[in-house]
Structure formats: C-alpha cells, structure tokens
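Notes for the one structure printed next.
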Amino acid sequence: MNMLRDNNWVLSVGTFLPILGVVVMMLMPKAQDQAVKFVALVTSIATLAVGIFTAMKFDFDQAEKMQFVAETKWISVIKSSYLIGVDGISLPLYLLSMVITLLVVIYSLNHLPNPGKPKAFFALLLVLQTGMAGTFIAQDLILFFVFFELVLLPMFFMIGVWGGEQRQYASIKFFLYTMFGSALMLVAFLALFFKTGAESFSIPYLIENGGSIAKNVQIWIFAGMFVGFAVKVPMFPFHTWLPDAHTQAPTQGSVILAAVLLKLGTYGFVRIALPILPLAAREWAPYIGGLAVIGIIYGALGCLAQSDMKRLIAFSSVAHMGFVMLGISTLTSFGINAAMFGMVAHGLITGMLFFIAGSVKERYHTLEISKIGGMLTQMPRLGWIFGFCCMASLGLPGLAGFWGEFPAILSTYNPAAGLNVTVYRVFMVIAALGTVFAAAYLLWLYQRIAFGTPKNNSHDEHSTHEELHDVTTHEWLAWSPLLIGILVLGIMPNLLFSVFDPAVQVTLSVFGG
Amino acid sequence: MQNLNLLSAQWVAPTVDYHGLAPELVVAGGLCLVLILDLFIDERKKWLLSIISSFTLLAAMIPVITLALSETSVRSMFGDRYVVDNFSLVMKGVFLLAGYVVVLLSSSHVEEGEYWRGEYWFLLLSSLLGMLMMTSSRDLVSIFVALEFLSIPAYMLAAWRKRDPKSNEAGVKYFMLGVFASAVMLYGMSLLYGVTNSTLLVDIAAKTTATGDFAAVQVLAVVFVIVGFAFKVSAVPFHTWAPDTYEGAPAPVTAFLSVASKAAGFVALVVLIYTAFPLAQDIWQPFIWVLSALTMTVGNVLALKQKNIVRMIAYSSISQGGFVLMPLAVAGMAGSGSSALRSVVLYMIIYAATNLGVFGVILAVSRKTRSGEVSSFGGLFSYAPTLGVLMTLFLASLAGIPPLGGWIAKFAAFQSLLQSQSTWGYALAIIGAVNSVIAFGYYGNVMREIWMRPVPDGDTTPIQIPGSLSLALGITSVATLTFGVLPGVALHFADLAEIAGAIIR
Amino acid sequence: MNLFSNADAEVLAPLTSGWFLDHAWLIPVVPAIAFALIILFGKRMPFKGSELGVLSMLASLVLSTGAGYQWIQRVNSATEEQFVDPVIKSWTWWQNAGFEFGIGQHIDGLAVLVLFVVAFISTLVQIYSLEYLRGDRRYTHFFAALTLFSGGMLAMVLADNMMLLLLGWEIMGLCSFMLIGHWWEEDVNSKAALKAFFTVRVGDVGLLVGISMLYFAANDWTRENLDVSGFSIRGISAWALSGEPNSTVIMIAAVALFIACIGKSGQFPLHTWLPDAMAGPTPVSSLLHSSTMVVAGVYLVARLYPVFFVGLDIPGGGGNLIVIIGGITIVISAALAFVQNDIKRVLAYSTVSQLGYMMLGLGAGAWMPAVFHIFTHAFFKACLFLGAGSISHSASHHSFDMKRDMGGLRKVMPITFATWIISTLALCGVFPFSGFFSKDEIIDNVGHNGYGLFMIIALIGAFMTAAYMTRATYLTFFGKPRGASAGHADHSAHDAHDAHDSHDAHASSGPHESGLLITVPLIILSVLALSSGFLNATPFGESWERMKLWVEPRHSAFAPELHHAPFMWSKALMSLAIVFLGIAVSWVLSFRLFTKRDPRLVGLTQRVKILGVGHKFLVNKYYLDDFYEKIIVRNIAGPIASAAYWINQNILDGIIHKIASSSRLISGWVYRNIDQRVVDGAVNNSASFTKSVGTAAQPSQSGKVSQYGALLFSAAGVAALVLVIINT
Amino acid sequence: MFVNQFLFLAAVLFCIGVYGVVARKNAVLMLMSIEIILNSVNINLLTFALRNGSTDGHVFALYIIAVAAAEVGVGLGLVLLVYRNKKTISVDDLSEMRG
Amino acid sequence: MIAQNIGFWTIAIVMIVAALRVVTTNNVVHAALWLVVVLAGAAAQYILLAAEFVAITQVLVYIGAVMVLFLFGTMLTRARIGSESDLNNTYKKLGVPVAGLMFAAMVVALSSSFGKEKIPDSPKVISTQEVSDQIFGQYLLPFWALSFVLLAAVVGAIVLARKD
C-alpha cells in the first residue's frame, strides 16, 4: 500500500497532546479550578491547532493513501508496531473528535455537572480525546484495540460520577456491554493474526492477506468483530446500553458519546472488518442490513414511546446509526461514502441535540417532555436552534443529516454485486419509511417542547423565571461551530465526500471493484 | 548395574556453583541475620529488621542481575537437579521484587500491630527463599522440599495475628488443605518415581506419556502432581482455602500469598509441564483446560457476591489464576509452547505488580476505615483522590483494560490460545472473553464505590500514607502503567524466560 | 449514435435565448439570500425585514416575467413542429463514487408558467401580509419563512434534476410547518403544522423510493445517450419515452412518485391535512393553496409527465391510478365543502377538489388544460383566500365562522364582495371567467381521451363546486349580519394571540372595508381571475391558444404526443348549464334555509329517515326543483356529505390517528416489553443468572475444612478416574 | 511378592487417611490421619525403590519423614493457638469465614 | 518369599485395622496409640522392603518424636482420656464416597499398570552408605533447605504456640 511519510510527527503530537495536558493538570496544586480549566482549554485548542495543521498538510489529491505514516517498534514480540496514519476516511473523524472535545471543554467551562471536581473531569475528557483520536489514526490492530479500549474508562467515570440518578447502573451497563464486545473482538483479531500467518497486526498488511483466509473461517472471525463493533455502534439488538448511558450521562458525556464514540464502531467496520474479510463481509452484509433497518424502525418506535427528551434523542441515535450501517451493508462505495458522511453528520447533529438537552435540563430542571412547553416563547433562540437541529436530524435536504440518510437509502437500491437485490430493495423501502418515523418523532418532540404555552407547573420553587435565560455566550461559542457545520455540510457535502471517496474506493477494491 | 557401581563408588563432594546459588545464599544469610539480630536488638529498634529484610532482597537482586549478564546462560548443579536458567532468573527477579514490595507493605503494618516482628521477617524471607529454590529445582525431591519450604512459613504467617480468630482460622485452613494437597502430590510423585525410576525431571520426561504399559499409573501420577500445584495456584476446585485464608490472614500476608505463593505454584507447574510431562500432553491439557475454565468462571461468579474487599480480591485472584492457566491448556500443541510459557510469565509479572498495588491501596484505606467491607471505599476519590485513582488503575488493569498492564497479559494469553488454532483453544478463548467481561462486574463495583458513592460515615479526613507504603504504591503503579503502555518491557523478560531442557516448543 | 442531437432533425431553426433565461437560476437564489438576510438582520431593519421579503419577491417576479418573455421569443423562433429545447444549465454539486449530484436550471414553458404564477402570487401575498400581520410578535420570522417558502417552490420548479427538486420540495415542507404553526402557542395550530408536515412526509417516502428507482433504472441509459445522470429530469423524460424501460419498474416508480404527489397535493386519501392547515395565518393559506405547496405535486406529475405517461399507460384510456384518485378527490372533497361553517375550510376543500381536476386532467392525458388550470386556479383561489382573510381581518374579528360571525357583508365590504364574486364565478367555471377555459377543457379532454366515466364525475364535481360556492357566498355576504359582523365582539377565543391584540382597536369599530394593502392585491387578482383565461381561450380558435403554443412541449423524444379535443360549444354549454344549475339550486336552498328559516329545511338533517328517502323521491319526482332540492341536494348535502365527513374525520383521519396512536401504543409496547424486558432483560437476566450461579456455587464454600478436603480429594479422584479411563 | 500388594496396602492406607480427614473434626485426629497418608506414600516410594533398585526412593522417603515432622509441629502449634483463642479444637467450628 | 509374604499380610492386616481404628475411635488417646501401631507396622514394612535406615528413622522420628508431640498436643488441648462423642463431623459418611473414589482411581490405575508384576527375586539392596552418598551428593540442596524448613517450623511454631 502506498504511504506518505512526510511530517509524520503531527499525528502523534495531535493524539498525545491531551495527555500532556493531563500530566500538567495532575501536577498542579489542589483547588486551582480556574487554572485547571485554563489548561484544559489551552490543551484542547492546541490539539485542534495541530489537527488543523494536519489537515492543511494533508494531500487531498491523494486522500486514498495513508499519510503522515509513522512506524516504530512497539511490541515487537507479538509483531505489533506503533503504526499510525490517516487517509480520507479517518481524517474527518479525527478532526471531528478534536473539534467536539474543544467544544465540550468550552461548554464545560461554566457548565460543570455535579459534583464538580474540574480536575478529574477535564483530565478524563482529555484522556478520552486521546483515545478517540488514537482509534482513528491507528493502523495496527493492537494499537487500535488499545485506543478503542482507552475511551472506556473515562466514559465510564464520566457517566458514573457526573451522571444522573441512575448513573451507576448506566455506567456499569455501558461498560459491560462494550467490554463484552471488545473481548470477542480481541479474540477475532488474534484469530485473524494467526490465520494470516502470524506475521503482523498491521492493517494494511492484513488487508493484503486477509482475503485469502478460507470463507468459513472469515465468517467466524467476522462474527467476533461484528459483536465488538456492533455494540459500539450500537446496532439492534446490542443497543440497550445506549439509552441508559445517554440518559444518565452528563451533557458533555452524551455529546462525546453521540458525536464520536459511536463512530468508533462504524469506523471499525469500514476500516477493519470489511476490507480485511471481504468474503465474510459479503455473507454478513444482508444480516447487517437487516439489523440496520430493524434498528431504524425500532429506534423510531422507541423514540415515539419516550417521555424523556434525552432518552428520545438517544433512541434516535439507534435509528440514525441504522442508516449508517445500512449504507455500509451495501458494500458499495456510494453506500459507504454515505455511511461515512452519516457518521459525521450524526456526530454534529446529535451532539448538538444533546447540548440542547443539557441546556434544557439546566433551565427547566427536568427533561420530562410533558413538563416542558413553549420553549419558543421563553427562550426563542434556544427554541429555534432546537428546531434547526430537529430538522437537520430528520434529514431535511440542505442540512447535513440528509446526505447521510438519502444516499444510504439510494445506495440500498443497488447493493454490491452478489448481494440479494430484492432483499435490499425491501430494506430500502423500510428505511424510507424510517424517514417518516424520524419526522414523526422529531416533530412531535419539537411540537411538545417548543410550541404551546409555557407550563408553569414544571417549575419547582427553586427555578424562577430568571433561570430561563436564553442561550449564553459559552453556549454560543460551543454550539456555533456545530450549527455552522451542519449547514455548511448540508450545502456543500462535497467537502466531505471528496475526502472520503478515494479512500473508500481503495477500501472497497478488495471486493473487486 | 552400572548404577550400582556408580553409587558404591567413593563419595565425592558435589561441586557447587556459588555464583549460581548466590541469590539463595544472600537471602539465607539475610534471614539468619534477622533471626539472630532479633534476639539482641532493642524492642524500639526492631524496625531495623524490616530495613534489613528489604535490603536483603534488593541485595539478592544483584547476583540475579550478574547471573543474567554472565556468559553462561545455563548453570546446572547437583547432577542437573538444580538449574539456573533464564526462566529461573526472571522468576527469581519477580519473587525478589514482589517480596520487596511485600516488605514495604508489611513494615508499617507490622510495626503498628502486635506482631512478632523479628520472626515475621524471618518467616517471610524463609518463604521467599523457598520460592527462589522452587524456580531452579528440577527434580521431584527438590520441588517437594521447596514447596514445603515456601508453604510452611506461609501457613504460620497466615495465622500471625494470633489474637484474631479469623487469622487463626485462616492459618488452620491453609495448613490443612495445604497438607492434603501435598499428600496427594506426593502420592503422584511416588508413582512417577516408581514408573520412571528417577526423580530428575528430564529423565521423567522421556518416560512419561499417556500411552504404554504404565499409562494408567502415569495418568494418575500426572493428575495428582498437578493437583498439588493446582492447590497452590488456587485453581477451582482446589481453591476453597484461598478466600477464607486471604480474608483472615493479615493483609500483607494475603498480598504475599496471592502473588508470590501463587506465582511459585505456577513456576512449579510450568517447570513440570515443560520439563517433566512434555510428552504427556494428552493427560494434562484437558485437565488444565477444565481447571482453567472452572477457575475463571467460578472465581468470577463468586467474586460478584462478595461484600468484603479482601475476599473479593481473593476470588478475583482465583479467577486471574484461571487466565494464567489458559495458555497452558494448549501448551502441548505444536507451536504454542513457547508462547504459552511467555504469556504465563508475562501474566505473572504483571499480575504481581497489579495485585500488590491493589493490596497497597487496601492497606492504606483500611488504616483509616478499619473495615474490610467494599463499602468502606465509598467516596474514596473525594477525600483521597490519589488512592482512588491508583485503585482504579489497578482494578482496571486486573480487568484487562488498555492501556494498563493487565490487558497485555490477557492479550498474550489469548494470543497463545489462538495460536494453537485448535477448537479447544478457541473455546477456551471464548470462555475467557466472557469471563473478562463478568470480571468487570465486581471491579466496576469497587470503582463505583470509589467514585460514585458517598463517604460511608461522612468522615473525609485525609489518609496518612506511610513512606514505605507510598513507595510500594509508586513502584506497582509505575510498573502497571509501563507494562501497559510499553508492553515490550515486560514481554522482553517474559520472552527471555526459557526453561533449560524444556522439550515443548 | 446520438438520437437526441438536434442535428439529424430535418431543418431546425436556431433557438434564441436571453439573459433572463440563462440566468433563471437567480429566481430562487434571490429569495434564499433574502431569507438569510432577514434571519440575520431582519429585526434591526426599519420594517423588520418585511421589505426584504417583498423586494426579493418583486425581483423574482421581474426575473420570472423576463424569463417568460424571452421564452415566448424562443418559442417564436422555433418552427411549427419543432421541440423547443428547455434552457438547461447544470453544474456539478458534488460527485461521489460514480454518483453525480448536480444543481442547475431546467426552464421551459411549464417552468416559466409556474414560476410566474408563484412569483406573482407570492409578491401579492407578501404585500397583503404587511397589513395582515402587522404587529405580530414574530413578524420577522413570518416573512423569513414566507420568503424561504417561495424560494423553495421556485427552486423546485426550476430544478433540472430530481435531487434539487427534492430539496425544494422538502424546504417547502419545512416552511409550511413553520408557517402553519406560526401561532404555535395554541395547541391546535402546532398540531395542524405537525400533521401537515407529517402527512406530506408520508408521501415523501414515495418520492425517495421513486427517485432511487428512476436513478438506477435510467442512469446507464442517460449516461450513454445524453451524458447526464439518472437524476436529470430531461434524461429521465427521454429515457421514459425511449421504449427502453422495463414496464414494471417504470410503473412502480410512477406509482411511488405519485404517492408523493398525493401527499403534497392533498389528494384522496391524504388530503386531510389540508383543511387543518387553515390554522395558519390566512396569507399562508392563500399562498399554500393557490400556487405553491399543493401545486407542487401536480407540478411534479406535469414535470415528469413522460414517466407517468408511460408508466401508467395514460394514452390507454379507461382508467389509471391518477384519474381514479383525481376523480375520487373531486367528489369527496366537494361534498365535504357543503357541511363546512368555516369559510376557509370551504375554500380548502374546494382547493382539494380543484387539485383533483388537475390530477384528473394529467392522468387523462389532458396535460395542457391541467397545467392551464394551475395557472388560472392560482389567481382566483388566492383571491378567494385573501378575500376570506380580508373579511376576518376587518369584519368578523378574526373569526372564519360563516354561520356565526358573517352574513350581509356585501354592503360593508363592496370591494371584497366584488372580487369574491368574480373569483367564485371563475372557480365555478362560468364563461368567460378564467376557470371556464381551463376546467371545461379538462372535462372535455378527459372525455375525449377515453375516460368517459371520469368526465361524468368531473361534471358532477362542477355542479357541486357551483353549489357549495353559492352556499358559502350566500352565508357570507347575504342575509343578515351575525355575530362579529354585527358588531358583537367575542374576544374570548382569540385573546391568546398577542399578535391580534393590536387589532382590537379597529376591530371594535365594527365591520368595514379593508385597507389598500389588502384590497389592491384583491383587485389585481380578481382582474386576473377574470381575464387570465383568455390566454388559452380554446373556444375562440387556435389563434387564442397562446398558452398551448408557449407551454406545451411538442412531441419529440422528450415529450409524449398529446391529443386535444376539438372544442364544441354544445359540450361547453352543457357543462355551463350544470354549473348554473348548481348555483341556482344552491342559492334557492340557501335562501330558504338561512334567511327564511324554512321549517321544511331547518333541521332536516336531524329528521332524515332512511325509509323516507325513497318515499320523498317518488313524491317529488315531477318537481324538478324539489327533485334537486329535496333529493339530490339534501342527500348530498346531508347524509352523504356528513357520511363523507364522518368517514373523513373518523375513518381516514381516524385511521391516521389510529395509526398514530396505535403506533404509539405499539412502540410503547415494544419499548416496555421487547426493549426493556426482552433485549435489556436478557442482559439483566444474564447478570442475575451469573449471580444465581454464584449463589448455587457458594455452598461449596462452606467454610468447613473437612468439606474442603473432601472436595479436594474427590475432585482429584474424579479427574484421575476420568483421565485414566480416557487415556487407557 | 507382587509389587501391587505393597501398592495396594499404601492405597488402602491412603484412603483410610482420606476418610479420616473428611470424617474427623478434631484437629489432632485430622493430623493423625494425615500422618497415615504420608506413611502410605512412603510405602509406595520404598516399594518402588526396591522394584527399581535405586536409592532415590529412600532419600525421598527420608525427606518426607522430616517434612512430615515439621508439619506436625506446625500443625500442633496452630492447634494450640486455636485452642487458646476458641477453647476448642474442633475444626468444624472454624467456619467463621465462608461463602 | 513365603515367610516374607506371611509377614507382609500379617502386618498389613494389623496396619489396616489399626488405621481404621485411628479414624474411627472415639478416644483421642486411643487413636494416638492405634497410630503408633500403624507407624510401627509401616516401619516393619520398610524392613520387608529392604530399607532399614528408613525404618529406623521412622521409628525414631515418628514413634519417638511425633507421637510425643501428638500426646502433648492432646493433653494441652485438654482432651479427656476417656471417650468423646464429639470427634467426628456430622457428615462423616461423606468420607466414605470420597475415599472410595480415590481408592477406585488408584485401584484402576495400579491394577492395570502393575498387574501381576513381581518384585525382583534378588533385588538390589540399597546400603545406608548409598543413601547418605546421595543425600550429601545430589540431594544436598534439598537437605540444606530442609534445615531451614525445620528451623522455620520450630521458630514459627514456638511463636504461635506460646502465650503472650
């Protein structure tokens, strides 16, 4: 595989810079909350700066090639090396993780959830960032696995410590699910390693050699990976951790979870499972597609049944990630492009929705939909932003959500050669129905929350009208990049598609075109 | 009758390679010194003994290092009955360092409790000396004596809190079960000797198979011998003593038992499997397979129910033992022998660091809370953040979460399982994978206490950690992190650890 | 081989173009920019952004007019039989994995016509709104949404490919949501908005499916022959007519697309959202129902006519999905209009019914009359809505209830009354008002093209249209003033609207004629309602058929061959007679019922006995008046309409509600039982299972040394025994 | 003499010892049972030494005797310790920790 | 050979009976005395097996020292000289199947492997010198270790057993 090795320090720096920030934080004396926040902010800005530098140096004309490739010995005994690089698939997600982290840091500057403890909170956030970024740049399965798992603990604590009422249950559930998935995934990785001659864990190497594994073996290995990634996505029926985790997580946790963490799973499919195990992928694709459409409808039904705003948004993630998985299951470059776009779009939109949910919770002290109403009257700006995000989320053309959703449906009409066309067309119709459901639950949500007259009974004695302030400066700072991103990507989807496409084409070349 | 002639010849003093024996000699000297000084030293100055003990162990590291650096890679003495090879050197290092950390963990504990301090150090060093001997023993008699050498002081140490009925109970249980197990093992050894006419492992190896005229007796012998060490590594169903003993014994002793004593059991097991039973894999592979699966599962499942932290860690360490056993279940298959050995050694190194760290934190916390309940960790993070974070790191490492040491240990274990490319290997790997998830149930529970629960009685006075304990925590946490981030460090040693004369590759 | 280059046609004149045609893409761009500006700066502007909206609409109107003018020139420069190529400009929006998504314009006669209508009506509506919504708390937002709404429609009309069309289509949907729900403080309004968006969205599934199918079916062919993607409208049209397509595929695609049109254009059975959408401010209703939104569905059928033409075998005659739906819609909704008290609802059902005519026309191959009906309908329907708005604004204190708050307004509001009458006549299709020239042509051509049954339905519809409009007119403008029109202010219902409070001052001054900003648009529209029909006045001979010349694509590889019924005065007179009959019958009835309170009529609906129906029919069979009055009108106006309404409210709407509520139920059940219990339960159960295994295993840990020993020895014994047996 | 007659004697003794440790709860009696077991092992070893004609069995047996003595010493020490604290040497009562 | 066989069987039966009494008697002191019989019988068997030195050691260590320890232990824990009913577990019958299982395993293995094999008629007799040569030659290190084991056992046992 072609690799460009110029400037290969940037990825390592960009990935591990947050750890440096954590170290600095740890060394600071106690009770220096402001200083801690400052360090976190500076670190995340610096990280993003490195990220932007990476993007600037990235050769977009050769987006299909791994760039900034760095390779060092790491665990030579087990033939795993520190091999990193980005191509068109990973770069946008890599940057997304940095942007989201910065925004979350900004948001957290004055929205620190109970019980405070800024030092621990920001440290975890930055560790999380390292894990996320690292997952997207790792080109070695073991390295990938390490980073993939690195995000677990910080998120566990973020939910468990700073979360809502049921946080402990939710955090353990989140953790156990993911652990279960990744344990099987690790077994699959190892099986892969040995079946390709125990030579290397490097992904490019495995892509070259994985195809020669016997089909029935591939199917089993794929099964292991499937569970690992599907839990993370999450696909039906591995999704039940998600609503709990989201509902209980603090706003920041939900945002990161939705915006980046869920993508680790789908990214894993595109980066690892499909290209390395093409034969198995073809066998599995219809089932993945089936689960995806079940997820779409099921998530939507779940949404309709919710009375809690945050939980509803969480269920909508199940549905949206269903579209992403549907795109992947077509095994066509268009479908995977759509999936990649859907990942980014979902990150921006659902992340934004969770931010809003956080702000709603902060102001109304409840997320019970029936207790909120007339938001547009009380906080018009927040209401409009919410409306904008709902529209984006339901896939309105011209906003980012559409370009993940419609192309996925479109690509389902014509899946890759060898897949059962009829089955996929049925999927297509079901998925298209899913868009109706999406409209239903989002608009219904919006109608109940934003429209109507304010419900005064929702306010207990603590919350007076003064608390119902409209969007604050910090919120604007944290949100506007997302809002702009949603709009810009909606109008100019090619910004992303042109980056993804070459890399996706290369990824799919194992399927013979 | 050549044998006869040889034996009836004039006795010749055996040549002793003193360099090769130097670690043992240093420790032996140290323990004598402690015993003697204990008689003469003033009661208030007895803390000197802990210093001496710790320096003894560090001093013993010096010959280990020089041996490792010396040209001669394998030194054998007493007619190959005592062999200093890379494996034994690595394990000696592990035992000495683990012992050192246990000394650090013990010192404040011992100073404060009403212990018989001099004797405590003496017994601790004795047990360690037994372990050192175990690493190099290559015949049945030596192994048996080494086993008793490391066990007998440990039996007594477990009961060392004399006024505490729990501690007594711990000691009695450990002793009784230990003796039962060695009885079974001895029976097996006697049969081995009977069939092979030798106590030397390499001689036994040639004649011990699962076929032939003496197949049945050999099976019986191999099984019984393995039972003896399965007891030592507290493999289910020979684990029953472990939770009770761990809970009742003084905490530093528990740390010692759960790490060093267990590691010694594995050392013996590995040595036997690799040098004595390489051709009998049909016997021990299924046996260890079952043991490993049972151990992981039962350990985990029972740990889920525990309320006492030490007891929970006891079950956890039982289940960890199952993970160590995993690769041995396929060690006899072509091509996976060396990687199985590597992963066992690696697992022991990392497990030692991590588990000692856990006990360090438990000791530190119990100094304040005087309680062994899991709930006593409630809100630890809020008043002792460092301890909270460290405990989290250690537990996460035990759970096998990257980038902490535990993950590479588990990884290596899985790797060698899968390397066998056998159905047995895959099946065990799946069981292991499921278990590693279950394990988080109780590790997570402790984390939950630390981070998410309130302080039990609202007492948030900070915890004073004595210097020795801090040092122990520092060493273990740095090791845990380093092994995780740069697994090459630990893997390097594990990879070096080759058993001289091992037939399995 | 290039079948479609103009080169191999016999002799073709070079077509002229012009700046306006080449830059037609500016038409939607202007409102889009205006929208952004209003959102960003509107509140700080002197007229709160409304001026931007009006100006942008004016600009679009100018551009559209210019484009229209240049299109006519272009047509004139062509030869008699020559297909006038649309002016197509396309740019690649983005390209990915072999998929090309373009943006561009596709302007031809149809587009020009609709563009003009949309721009024109939008402009008037915006001007009207300046007055109507003055002081509304979300004045700026209203104009922003209105502008974007028009922009969306314009973009859809101009779209050169399906993706862009979809974009405009969805933007309209969104804006309709915002506009209908403009006064969202009231639950009814927000629910109506939700319903509108949602119902349309249901139809959109068809659009998504249809686009996808067409793309994949056509892409290879269009790439090869025309070098455009399978999204291109031109490409799809040519492909549909090429004889290539598999008949099943194109049929399913056409049906799928038509489902979208059903939703958007309020066709049976998805029409229920339309009347509810009256909850929006009146200018919105006017815009929504006259020229935009609901017309979008009709436009889509007209735009992709070749697909439907081939897919549904339109030239085959007899009946197809479109005509069936169109026919049902005409009758069903017309019948419903009889029982409405809300003036806007009458108009809403009338719109649905008229859309049914358009669909019927398209489905029956009467392309030109149907498109022409879009044109004429826009004017008179906008005029009617704005008239209704004028009444509520100035006379009935924001009430739209004809029976309660109106009556006898013809004297108070002469201008409104005059424009209303003109438009009503146009709607009824009375010669020489515009409606006659379009509607009658539809009816005529439907019969001519072999859809005889549907021609009869259309005639029945015409009769009913005349009747219900007469009833509405009578109730509103004749008789004695009632309720608010009589000066009885009823504040309670509307106090919730802050927006309306500012009007209280002059509302309390009693009914009066509206201001200039309202009446001028009314007058302009009524003039057009009166005259626009002459642009395609078939009865006067070919030279009057300007629209046909300019708009109808001539038969070619891109357009199917269309037939036109020869105009016959006899047929025209018959349908006129039916219309007048309807007016007369309705008038008499209304007069008797509402003014005289004729005891025979008052409360008739309560006294209907099913046995009595046949009896009375026999008794009155000689009296033509009575025949119409007692049997037809009564039955239609009474039970049938009620039944239809009941069906509408209870069955169709009920179905939708049931679907909604049952899907809520189902989802609740799924959530509670499947998700929480089974899926989640499996996980939780596995946890508790693990724990119970632990409990079961605990007795082994009895704490008793002897038992431990027993376990140790027996385990060793068992292991040894088993392994001995296995190995020997 | 058959080899097995000694081996069977050892086996019987071993099993009697096993029965003893399971059935007895008096700590001293348990220790006695253990002694029986260890002796049976010695019988085995010496039988094999004779059969094989090698010295190792003798040496092994001697070491076992020595270790057994040490174990009895330690065991009785523990028994005394327990007795002092609990006034009983019933091992069955030492079940404070379980589960 | 016959004499030896007679000797063997006599002693074996005595040993087995004595061992059974050890594990069944209701008197601790009796049990200790029965144990003496077993140990003495073992010593006799050792002699039959041509292991005089071991036999002597057995007598010295077990009967001389260990038995004394047992008796002291019994006395110190104030066991009554007479019979006691409280020596057995309530679940003592559990011992039968457990022991039976072990025995079954052993019997199966031993009988299938050694079957009718006989001890050589003129076995090589191991002299005490040979044993000592071995102990101080090849087995020196365990011997050395054993000294530490005993030291540790003594020191530890004293600490545990003493009052403080």
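As written, the chain order gives the labels A, B, C, D and E, with residue 1 at the start of each chain.
Throughout what follows, a contact is a pair of C-beta atoms (placed from the backbone, for glycine too) under 8 Å apart; a residue touches a chain by one contact, two chains touch by 3 or more.
Being a predicted model, the structure only gives us computed values, none of them experimental.
The fewest steps needed to get from chain A to chain D, moving only between touching chains, is 2. The minimum number of touch steps separating chain A from chain B is 1. Chain pair with the highest count of contacting C-beta pairs: D-E. When each chain is reduced to the average of its Cα atoms, C sits farthest from chain B.
At the centre of the protein atoms shown, by the Cα-centroid criterion, sits A. When chain centres are defined as mean Cα coordinates, C lies farthest from chain D. One inter-chain figure worth recording: chain A and chain E are separated by 70 Å, centre to centre, where each centre is the mean of the chain's CA atoms.
Note: centroid distance chain C to chain E, computed from Cα atoms, is 103 Å. Between chain C and chain D, the centres computed from C-alpha atoms are 97 Å apart.
Remark: chain B and chain C have CA centroids separated by 79 Å (rounded to whole angstrom).
For chain C, the set of residues touching two or more other chains reads 687, 698, 701, 703-707, 709-710, 713, 716, 720, 724, 728.
Residues of chain B in contact with two or more other chains: 4, 7, 141, 144-145, 148, 152, 155-156, 159, 162, 171-173, 176, 180, 191, 215-216, 219-220, 243-244, 302, 305, 441. Multi-chain contact residues of chain D (touching two or more other chains) are listed as 14, 17-18, 21-25, 27, 30, 47, 51, 53-57, 59, 63, 67, 70-71, 74, 77-79, 81, 91-92, 94-99.
Per the contact rule defined earlier, chains pair up in contact as A-B, A-C, B-C, B-D, B-E, C-D, C-E, D-E.
By the touch criterion stated above, chain E contacts chain C in their complex at residues 89, 91, 94-95, 97-99, 101-102, 104-105, 108-109, 112.
Per the touch definition, chain C reaches chain B in the complex via residues 687, 690-691, 693-695, 697-698, 700-701, 703, 705, 707-709, 711-713, 715-716, 719-720, 723-724, 726-728.
Residues 3-4, 7, 140-141, 144-145, 148, 152, 155-156, 159, 162-163, 165-166, 168-173, 175-176, 179-180, 183, 186-187, 189-191, 193-194, 197-199, 243-244, 247-248, 302, 305-306, 311 of chain B touch chain D in their complex. On the chain D side of its complex with chain B, the touching residues are 14, 17, 21, 27, 30, 34, 37-38, 40-41, 44-45, 47-48, 51-57, 59-60, 63-64, 67, 70-71, 74-75, 77-79, 81-82, 85-86, 91, 94-99. Of all the residues in chain B, the ones that touch chain A in their complex are 342, 381-382, 385, 392, 396, 399, 401-403, 407-408, 411-412, 414-415, 417-419, 421, 426, 429-430, 432-434, 436-437, 440-441, 444-445, 447-448, 451-452, 486-488, 491-492, 494-495.
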